[in-house]
Amino acid sequence: MTETASPTHGYRLQFASDNTAGTCPEALAAFNEANRGFASSYGNDEATAAVCDRLRALFERDAEIFFAFNGTAANSLALASMCQSYQGVVCADTAHVATDECGAPEFFSNGAKLLLAPHRHGKLTAAGVREVITRRNDIHYPRPKVVTLTQATELGTLYQQGEIAGIARVAREHGLKVHMDGARFANAVASLGLAPADITWRAGVDVLCFGGTKMGLPVGEAIVFFDKAMGEEFAYRCKQAGQLASKMRFLSAPWLAMLENGVWLRHAAHANAMAQRLRERIAPLAGAEMLLPTEANGVFINLPEAAIERLRAAGWVFYTFIGGGARFMCSWATTEAAVDHLARDLAEALEG
Amino acid sequence: MTETASPTHGYRLQFASDNTAGTCPEALAAFNEANRGFASSYGNDEATAAVCDRLRALFERDAEIFFAFNGTAANSLALASMCQSYQGVVCADTAHVATDECGAPEFFSNGAKLLLAPHRHGKLTAAGVREVITRRNDIHYPRPKVVTLTQATELGTLYQQGEIAGIARVAREHGLKVHMDGARFANAVASLGLAPADITWRAGVDVLCFGGTKMGLPVGEAIVFFDKAMGEEFAYRCKQAGQLASKMRFLSAPWLAMLENGVWLRHAAHANAMAQRLRERIAPLAGAEMLLPTEANGVFINLPEAAIERLRAAGWVFYTFIGGGARFMCSWATTEAAVDHLARDLAEALEG
Amino acid sequence: MTETASPTHGYRLQFASDNTAGTCPEALAAFNEANRGFASSYGNDEATAAVCDRLRALFERDAEIFFAFNGTAANSLALASMCQSYQGVVCADTAHVATDECGAPEFFSNGAKLLLAPHRHGKLTAAGVREVITRRNDIHYPRPKVVTLTQATELGTLYQQGEIAGIARVAREHGLKVHMDGARFANAVASLGLAPADITWRAGVDVLCFGGTKMGLPVGEAIVFFDKAMGEEFAYRCKQAGQLASKMRFLSAPWLAMLENGVWLRHAAHANAMAQRLRERIAPLAGAEMLLPTEANGVFINLPEAAIERLRAAGWVFYTFIGGGARFMCSWATTEAAVDHLARDLAEALEG
Amino acid sequence: MTETASPTHGYRLQFASDNTAGTCPEALAAFNEANRGFASSYGNDEATAAVCDRLRALFERDAEIFFAFNGTAANSLALASMCQSYQGVVCADTAHVATDECGAPEFFSNGAKLLLAPHRHGKLTAAGVREVITRRNDIHYPRPKVVTLTQATELGTLYQQGEIAGIARVAREHGLKVHMDGARFANAVASLGLAPADITWRAGVDVLCFGGTKMGLPVGEAIVFFDKAMGEEFAYRCKQAGQLASKMRFLSAPWLAMLENGVWLRHAAHANAMAQRLRERIAPLAGAEMLLPTEANGVFINLPEAAIERLRAAGWVFYTFIGGGARFMCSWATTEAAVDHLARDLAEALEG
């Protein structure tokens, strides 16, 4: 199986998702480094303490911080801690929590309802959020209690600081809390060039699920409660829900490595740049209609069905959507050569 | 922090739990090796397929196999899949699911009740199980639907093949399924010297949660459904409950390495041997009363309060129980020197 | 408070909902009659046995039958028994379970997702159901497991026998079960003039929630499992979910009275006739646009905002919908005089 | 079926439970009276407003008040509102919530664990509660958050005011809230001769589930939040959990009748007196060993197995417990003649 051993193993899978990439070198080194002797379990180890401090410094805030194994759990548990079962969570109808979690938010919260608002380029608008919040106020309808927004969005776009603040203001006015699904938070920060605090708590976000896996970790997401009181008992929630790692150091040490010397931002900026490069290569092609702005690490493009089929026949793996859109995701591991290769094959596929 | 870099880092934590040890070399190598190029996510990768096949071969059974991040989730999800919310799970009153999961089985099952049976050396008895099952049969009491037994037990003892079969027979007679919490399944197999199949499905076990973490993995447990029909939709359950790893290869590849060439059994046998060595060193000491047989990797001993305090003052970390018992756990990483060191310090502590 | 004692107490509330009416005379008499001496609790009484037999005769089927206190619970518990937490329930986007139960189906099922299909006059279509079922089949989306349809619908329309059968056929093809929310089942049967069996199990319905309250009972709905195996353990589910009445005779005896001599159908036919009468009175009015067919006991009409305000100023209570629609519901207690009175006031309101 | 029509119908069932009795005359009259014209649904009616005011007056407190259909739901929903899924509820091991609710508290709370304390005559002790609260404080064990005590207890005894206050003090010291399961609260108040406030909020109780059914209602329990803030969103919880009656007047009007002119206390005092009379009749009998004080409406007695069999052969229905105890419950409907009849038959049964 020499092919398996190749560093370009799975090469044509790479644009399918940013989670087809492996662990970035810095995280892997830290993982190996963490394997020294013995450590207290369940997060009572030095690496976990250190990364929490590091995150507090990064966010310029004395936040309460926890780790969960994946984004499904991080987001769902955070939302469950922010509302009761009979309340509602406002989200875009394109939100991952609504479309791709197999009912996880409802499961963890024991029934909280996702209240869908229409999206614009994958983003909630303040007006749309207000409309959902004020639509009903009777006992037969879940009282909205949280707004969740995804940054970067599922459609590869970004909330500007003012957009977040605007939505948060509406939320606050009506007594709602604000949650941010940051599965691709690194891509957002790298692209916007703002301080993490500026697009989170300073803009009104209460809780951030900071994605580690798509950023280059093997496993693990951070949950950041900017209001410490809100996170007070979250450790119990993690424990009960099967999200407390016994050998926590293997989650936390790689996180620490990512946060040192801007590693996380360098990788995220690279992924974003690869998406820009891809966009630039394919935007001019006849038959390729760019569907959305490319603000983070994903490119969304409308392609003729025949081109999609030819591209797949060439071995490339990628997601398509009802109506014809195709999605290409870039990661820390995407190379310029791979982008150019895909662009060439796509051009050929379009030519037929 | 040179001390931090030492291979004996955390040295005196090591007997606190078998999860204070790190990742064993074989698993770590496989983890690193798995980091090649790109791979399909969510378990659709080659390593995951391979380890499932390997587990099927190990168990001599066409089983349905899944991976979860930790034991809390593996056991709770498996139990939830085996019963309804209004049913009951018979377990020993010493069972980890009852004493140390912060209500996780009840959470994942949405209310299934743990029906406690008295233990003998940490083990259920067929008679005790029968008594719990037949105690009530009215609508106001959860109908027992599953028996769960822990192998090796929380008290360092082992179910013999006949004991499992006896309990499973009682379960079967009354329409219950049998679940095995195998957080330390490797220690049990290594100690009993029997085929895994002999103490699982051949003895009547329907579902095994096969512990990876305590065996030497960084993260990850396997859930083995010996009756494939019972596991048919378990993948959805994992997904919804936040237990489906996107970069699954980092869970599965180390598993595969453990199963090659008997690595898992060699490490487990070593842990067991270290426990035996510890027992042999301390059993003769005046004031040290052995509380339980040492059949796996834990030593349970009654110590005077003063000795406990002195041992702790010497830096050793370990759990004690109401009534005076102390627990010392050994792992793949425990050395003979450390055992002897602990035994010496314990002897001194007893001398006062 | 002599007005309070008036039989026309709350007169102008009556069109707000069919649940503003009280208990019909036959049910009330039976309730009083049931208050003889002592009776076994939790449904082990004679009246409960008798009404179950009566329902089996009515449906020409050896069904398994249970009682719940209200429709929220009946529908949600039935759905919970028909699917797992990680599965989906297909319903019209106008379905009461989706719009007016404050997340009850998600709560009782611990997270099953309602998968909304577009409605036509409040009804699902076979094509729409098929589209929702086949839209996705990946692990990140709840596998559809139940279709629920409301008969009569929330918009006062009826499924014809063939429509039910068509939807059930699609469901069956894809392995889904069929649930009917029959909060106004009596109105449907009275209007269609078909045997209850013909529009339930013979058309492919597996479970019916047969509404008692809107039909004229003080409290209580019946849950009818046409496939006995599906209802085998439902009694436990009712008990655990707080839906098992201790003094069950007070729920069951009035049910029995309704089923004797066609009382239920006579009352339902009356309610339907009152709705027709109302429609006939107001349809010709300028400015009153009938929005939907009037097939059961509700009239839906588009009114100018000013007319709505004047009607409310006259004391009438009724629901309106975004976009201008007003709903007027009739019940067993609605009189011709009241209908004519409302029609007159409405005419005046329209004239301004 | 003339026997069915007899006022002594089910005569020999009457001591099986206080819920085998029907509706007391005052409640029945109010139920009939409530059936006037139309009323706003879901509790927005006059009777419901009136009974809430009446309860506030009775408890001398501006409490928040709700109604649920039965005790399972009232207690489980109240407990769910008082804790989170990862917390624990301290109760006596004889508590109905632990022994006879088929996992309802766990279901409604999505996993909160019942932490059992040993009982003395069916009562918690302050020391026992403290022991359970302080036993563990690690992340792997549910943090105790509520103490629940049953008044009158399941064993027919009563908490004295000081006992409640003592337990509440321990609870308060450790940050726990206090819940009272008052399925037989009327019997307790009637027996103790104290103001309801004195054995509830003045003694430290936060939430009372005030039983209506066993007191003489056909259906319905009141949930009284003495701290209004704690009940702020409870209406949503009731709605989602299927506990909001549409025709609420039929629950509330009979409650109102009970509270007028001390009807509730007169009936409860009668039930208590019947239990005392029964005790006095049978205590002197050779072979009848009184097991517990008779402080409310239940008599617990140890009988030889042969006597139990003979009594059952004579047609009497009653519960027995493992170990030989028999329970006889009295209600508002129990007559002196019936008590004397039972006592005579019991004497005969003991004579053999």
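In order of appearance the chains are A, B, C and D, and numbering begins at 1 in each one.
What we mean here is this: a contact is a pair of C-beta atoms (placed from the backbone, for glycine too) under 8 Å apart; a residue touches a chain by one contact, two chains touch by 3 or more.
The UniProt protein names, listed by chain, are A, B, C, D = L-threonine aldolase.
For clarity, every value in this text was computed on a predicted model and none was experimentally measured.
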Next item on the list: Minus subunit B, work out the clusters of chains still connected through touching contacts.
Entry: one piece
Next item on the list: Please flag the chain sitting at the greatest distance from subunit D, going by CA centroids.
Entry: A
Check: For subunit B and subunit C, what's the span in angstrom between their mean Cα positions?
Finding: 50
Notebook entry, point to check: Which integer distance in Å separates the CA centroid of subunit C from that of subunit D?
Noted result: 33
Checklist line | Where subunit B and subunit D are represented by their mean Cα positions, the distance between them in whole Å | finding: 42
Check: At which residue positions does subunit A touch at least two other chains?
Finding: 85-86, 101-104, 107-108, 110-111, 139-140, 142, 236, 239-240, 244
Notebook entry, point to check: Considering the complex alone, what residue numbers of subunit D touch subunit B?
Noted result: 85-86, 88, 99-104, 106-108, 110-113, 135, 139-142, 322
Item checked: Of subunit C, residues touching subunit B in the complex -> 42, 84-87, 110-111, 139-140, 142-143, 233, 235-237, 239-240, 244
Next item on the list: Could you pull out which subunit A residues touch subunit B in their complex?
Entry: 4-11, 13-14, 16-17, 19-23, 28, 31-32, 34-41, 46, 68-74, 76-77, 101-104, 107-108, 110, 213, 218-219, 236, 239-247, 249-251, 317, 333
